[in-house]
Amino acid sequence: MSNWLIYRTFWDLTVSGIVLGLIYALVALGYTMVYGVLRLINFAHSEIFMVGTFGVLISLTKVFGISLFEDGQYPYRSGLMLVAILVASTVAAMVVSGAGAVVLERTAYRPLRGAGDAYGAVVLAFLTGLIASFLFTDSMMVDLAIAAVITGPLSVVYVRIFRKGRQAPRLAFLISAIGSSMALAEAVATWGPDERVIYKTPRVLEKKVLFNFLGADVRIDYVIVALGAILMMTSLLLFVNRTRLGRGIRAVAQDAETARILGVNVNSVILVTFLLGGAMAGGAAMMFTLVYDQTRFNIGFLLGVKSFTAAVLGGIGNIKGALLGGIVLGLAENYGSAIFGGQWKDVIAFIVLLTVLMFRPTGILGESLGKARV
Amino acid sequence: MSLTESFRQRTAPQLRVGSRFRALPKSARWSLGALLIAACYLTPYWPDVPVLGWIVNTPGTSFENVLTDQIMMFILVALGLNVVVGFAGLLDLGYVGFYAVGAYTTAVMTSGQFSWPWIAAMPLSILMAMIAGVVLGTPTLRLRGDYLAIVTLGFGEIIRITANNSDWLGGPRGINKIARPPSFGPFEFSVLNAKPYWYLGFTVILIVIFVLSRLENSRVGRAWSAVREDEDAAELMGVNTFKFKLWAFAIGAAIGGLAGALYASKVGFVNPDNFQLQLSILFLAAVVLGGTGSMYGVIMGGILVAWIPERFRGFSTRRYFVFGVVLVLVMVFRPQGIIPRRTAAAGIAEKGDTNV
Amino acid sequence: MKKSNLLRAGAVLVSLSFVAVACGGSDDSASDTTVAAEAPASTCEAPVASIALQFPETGDAANLGAPMLKGSQLAVDEFNAANPDACVTLKTFDTQGDPAKAPAVAQSVIDDATILGLVGPGFSGESLAALPLYDEAGLATITGSATNATIQDQGFKVFHRILANDAAQGPAVAKYIVGALAPKSIGIVDDASDYGKGLADAVKKEAGATVKATDSIDPKAADFSAAVSKMKDANPDVIFFGGYYGEAVKLSTQLRDAGVKATLVFGDGVKDQAGYADAAGPAAEGALIACPCKDGSPDFIAAWEKAYKEVPGTYGAEYYDAANVLLNVIKGGAKDRAAVQAAVNKYDAAGITKQIKFAANGEATEASTIYMYKVESGKITYVADIK
Amino acid sequence: MSEVLLSVDQVTMQFGGVTALDNVSLHINKGEILGLIGPNGAGKTTCFNVITGVYAPTMGTVSFDNKSLLGLKRFQITKRGIARTFQNIRLFPDMSAVENVMVGIDAHNKTSVVGAILGGPRSRREEKEGRERAHELLKFIGIDDYAEVAARNLPYGHQRRLEIARALGTNPQLLCLDEPAAGFNPAEKQELNELVLKIRDQGYTVLLIEHDMNVVMKISDRIAVLDFGRKIAEGLPEEMRNNPDVIAAYLGVPDDAA
């Protein structure tokens, strides 16, 4: 039965696989770019994506005042309004995720590079104050007040410590990333709007079938995802290849030390890289909510692991590789589930990865952000 | 000589405990060591000691059981993972897979299907985990760095999903009625008395420490360090890098399997949910938090990772937030871990670390 | 000088933004953090005893744990309001639903001598890990949610269950599907969990040859398109899903978006007004939900809505009943664990969900009935008993 | 005629479209110092890498002690008796000096996991002798005072010397030094020359890559010259000094050695 299934549903699986793959690819960009410049698995990137989905949620519900189900009516009155809602929410998600990524970089990574500055010190001091005050009170307001008071003097101390900073070993970055990932997810779970429940996001458009492609229904949300993803990736490629900052990113990716000597401000390049990766994750968050109408504090974890897998599959550090890896993974998961059953989906994904790495140890398109391959 | 001395003096302060201890006469070292070991055996009684008790006790959950179900396992696992990550420098994000293999082997062999005695299931569990290590390592160890990390992560997931979808392993329902260790003299292994598990577990930990320090200070340990520091140079200096990496994997896996087997026989029940990916990440956090490559460091890391969330149960839903922030803070202010590896510490004292 | 100014400015900004975020979030999270505080009667000044609740308060499954706490708390608050001189405290123990943490938690429940009985454990896995300890300690437990069909056969004396297990529910659902819906073909999906797969397998067995397509999904994933494609291809009249409401929402929405028109049938893990019917909206309309649970009495629903400003969650009524069994037993004069255990075994009184009486293996004797509900105009409403 | 230890026969090495070595033949006699010189990018280090097994040559053979080295793994070649240093220092930075040397010495030891755990007589003997030999070697190259210092913390010159000691630890018949004097001032270069001669006098055969003609001329017994991947000349130092091809090669590319 299942052997025939794959033929009958092939194009259906292909269309949905590509859509999922594009979302993986957009998230994978963040992993791949940060890996390119820092050689770091930015584990917290999945949470940057998650934060972006909440950005979409807030934009839709608070800014546009759309509630979950409006008696079968969709919230827009005109096509123009719909476009405005979509664009504004995408921008909101990109801003939230981008800002999140920048704060993350300054707080959790930059001090480890021996370049900690006042911004990171303030955030860290505030967090220290907050968890210290948890020891004594249960009231959030009191905790915040205590933390705010502690922040000032403590951040001065932290900045002093940062001045003696040195480059930390790679694993320290990884654990700092894991720690921030946990803290972000738990912060959203504890103080965010979802109370650990799966949070439905309002549907902004009716998922109309636009046309039928060899038996597969191509829906409007799929088309928007495809167009959006291609648009974002193209602009990213143009940015990296054509602008001065983009050249900086490639230079740092190739050889940070030489780039520094040649006058590239490595820290600001890294910041821009995080900002771009975060913005892409924000875009992915918008696409995700558009197709799946939901978010939750832990939604990033699995998607993050998959996206990172996609990045490695395509060749980490390689922007086109992220796109290819994402689509290959999305398709492999869909075809594999159809043949072997959905419970084996992740096993199939990892076996595909392993097989690819056996023959091409640096991914399908090979490593490198720095080389001209970008 | 004076030069060496001056380097010693410039090393970080945390080393002084260790070097002072080494400076003591042999008899003093032995008796101090014996005292320390005795104190550790008595850990289940620590909550009854006035000040210490207030510090260590875990509110809302029994300290004794936290000690045996979590802390003990995390120490063992951290020691095992440290062989792979700390000694040989191989990033393994799927270590929970070996832990699962050990636990499931004991579960299958002692409950229902085979009814082997506990004592026979233990070595088999270790062996099975070791085999799993070799099976995973042989094709993947030629991958470098983060590629290895993601492949091992996949391996851990494959083990869990396979257990979840295999009726023979109990499927999602898991396996229960796993045999306990046989009672031995006054030490009765019963559900209401966790202390004997600690005596057993701590003995196992001591043996593992002994074995690992033998390895660390031998040709094997040097080969691992060389691979970690510069794999190409190591191979050109005559180190059979593949063989030693595989050994690191196998030994790490064996200790992981041992931890899993002990866990299964303590809790008496396993199901696939016990072996989630997140656990691998916590294991790694334990190793790095404590100090990658430093055995006493990773033991400390294991203790903290298992204990902090239980100690601060009062924080309720906020405690994993706190835990995450603590991880970041420790890494920012002590990037080499709480108790760093010795030579690594000497490196910090001198000049910029280039270990990236 | 410049640096420290920058520093100060940054400090102020960050603090302000955090305060703003926290204030913005605080009214939303109020209901969660102040469960106990909102019910005024919960201040118990002269406790005679306490009962424990072992459940997932935090972690990924915390959303399923919330109604367990609310139901038990409601029972205790009402009891204390009625018996101010002999009040009982509820002590909660969080396992995150994790069997690995369950023994340590169980031990600490046992070590607290004031605890005479336990409501829970919430999940089947943690039950299997914790029950050996409770059994040894002779502490009576009553679960209102752990429906795994093997627990009752383990010989735990202290085990009691107030609702039907999966073995009863599966065949009943299948019978209802085959009998009342008479479909030409059935599709079955499960979430590969202990609960979901158990239920799906039971339905599959009973439904036999009419089952045309089956699949499993990964509950942590967001995208179920492979399963949806499979169902779309098989085009069955009825699709049964074994799993919890979170996935049911995603699955229903994605099935409907793909144009699948089959009648959706679920087990008790989906019976949650807010979690399923409200969240899935139009996609949930017409879905059938089987449950060994009952809504409970109108009084109960009113009390719940007053205390928590929401409709009762899944198992809320069962936990209310379970807590009441222990409370009544304690009020009836049971002063130690052995007495509570003996009294629970002999207990025979009406609860809000059913007449509560336990068989020798701990199962409630009245619990073989499964109730069928339907989502009508966005509300989960009772349809029929399946005997 | 002295005995040939290593011979490189008609080796060609191509990377993609680039030919790094073009039909190069070389031989090294037992007990001599062979200087391998040539301008930047002439293929000296590639030649080293072919000899030590880092690259498998596209064409040609390498044989050592009359046995072919092709197909052997890198560590096996080291065990056969070829050891090397690196142009960019590649010590094990977190290990102490003495441990670095012991890694080299371990190449011929047998203790593996089981032996190390049981701590049997062989493993104890190997450990003890290894440590003694390591200190001997450190003394020989003159940095025994730094035995316990992490390699990363050694002064630059000592790091270069330590690499030599580590290579000697593998007890090689042929020691390949890849620009050992790079970054040295004239006085240090002089010391290094003496060290290399001392090593030769201990019975080792040395293959020396050097950029600086003066160093090579002083200490080499014979010299081979590479340019653009080809061997353009070979012979005694004084012959090379006057060889027009060599002069052309060096004048064509300005010598930028420090």
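In order of appearance the chains are A, B, C and D, and numbering begins at 1 in each one.
Note that contacts are C-beta pairs under 8 Å (C-beta built on N, C-alpha and C of every residue); 3 or more make two chains touch, one makes a residue touch a chain.
Given the structure is predicted, the values throughout are model-derived calculations rather than measurements.
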(message) Farthest chain from chain A, going by the mean of C-alpha atoms per chain?
(response) D
(request) Using mean C-alpha positions as chain centres, tell me how far chain A is from chain B in Å, no decimals. (result) 31
(message) Please tell me the distance, in whole Å, between the geometric centres of chain C and chain D computed from their C-alpha atoms.
(response) 71
(request) Could you please state the distance in Å, as a whole number, between where the Cα atoms of chain A are centred and where those of chain D are centred? (result) 48
(request) Would you pick out the residues of chain A that each touch at least 2 other chains? (result) 190, 301, 343, 346
(request) Mind pulling the residue numbers of chain C that touch at least two other chains? (result) 58, 62, 192, 216
(request) Would you mind listing the residues of chain D that make contact with two or more other chains? (result) none
(message) By the document's touch rule, what are all the touching chain pairs in this structure?
(response) A-B, A-C, B-C, B-D
(request) Going by the contact rule at the top, pick out the chain C residues touching chain B in the complex. (result) 57-58, 62, 93-94, 98-108, 110-111, 124-125, 128-129, 132-133, 135-137, 148, 150, 154, 192-194, 197-198, 216
(message) With touch defined as at the start, can you tell me which chain A residues reach chain B in the complex?
(response) 35, 39, 41, 107-108, 111-112, 114, 116, 124, 127-128, 130-131, 134, 161, 166-176, 178-187, 189-190, 301, 305, 308-309, 312, 316, 343-344, 346-347, 349-351, 353-354, 357-358, 361-362
(message) Which residues of chain B touch chain C once you look at their complex with the stated criterion?
(response) 58, 60-62, 64-66, 69-70, 164-165, 171-174, 176-177, 190-192, 194, 263, 266-271, 273-274, 310, 313, 316-317, 319-320
(request) Under the touch definition given earlier, write down the residues of chain B that touch chain D in their complex. (result) 1, 3-4, 7, 211, 214-215, 218-223, 225-226, 228-230, 232-241, 247, 251, 341, 343-344, 346-347, 350-351, 354-355
(message) Quick check on the complex: what are the chain B residues that touch chain A?
(response) 85, 91, 139-140, 142-144, 146-147, 149-151, 153-155, 157-158, 161-162, 164-165, 277-278, 281, 284-285, 288-289, 292, 312, 315, 317-318, 320-329, 331-333, 335-336, 344, 348, 352-356
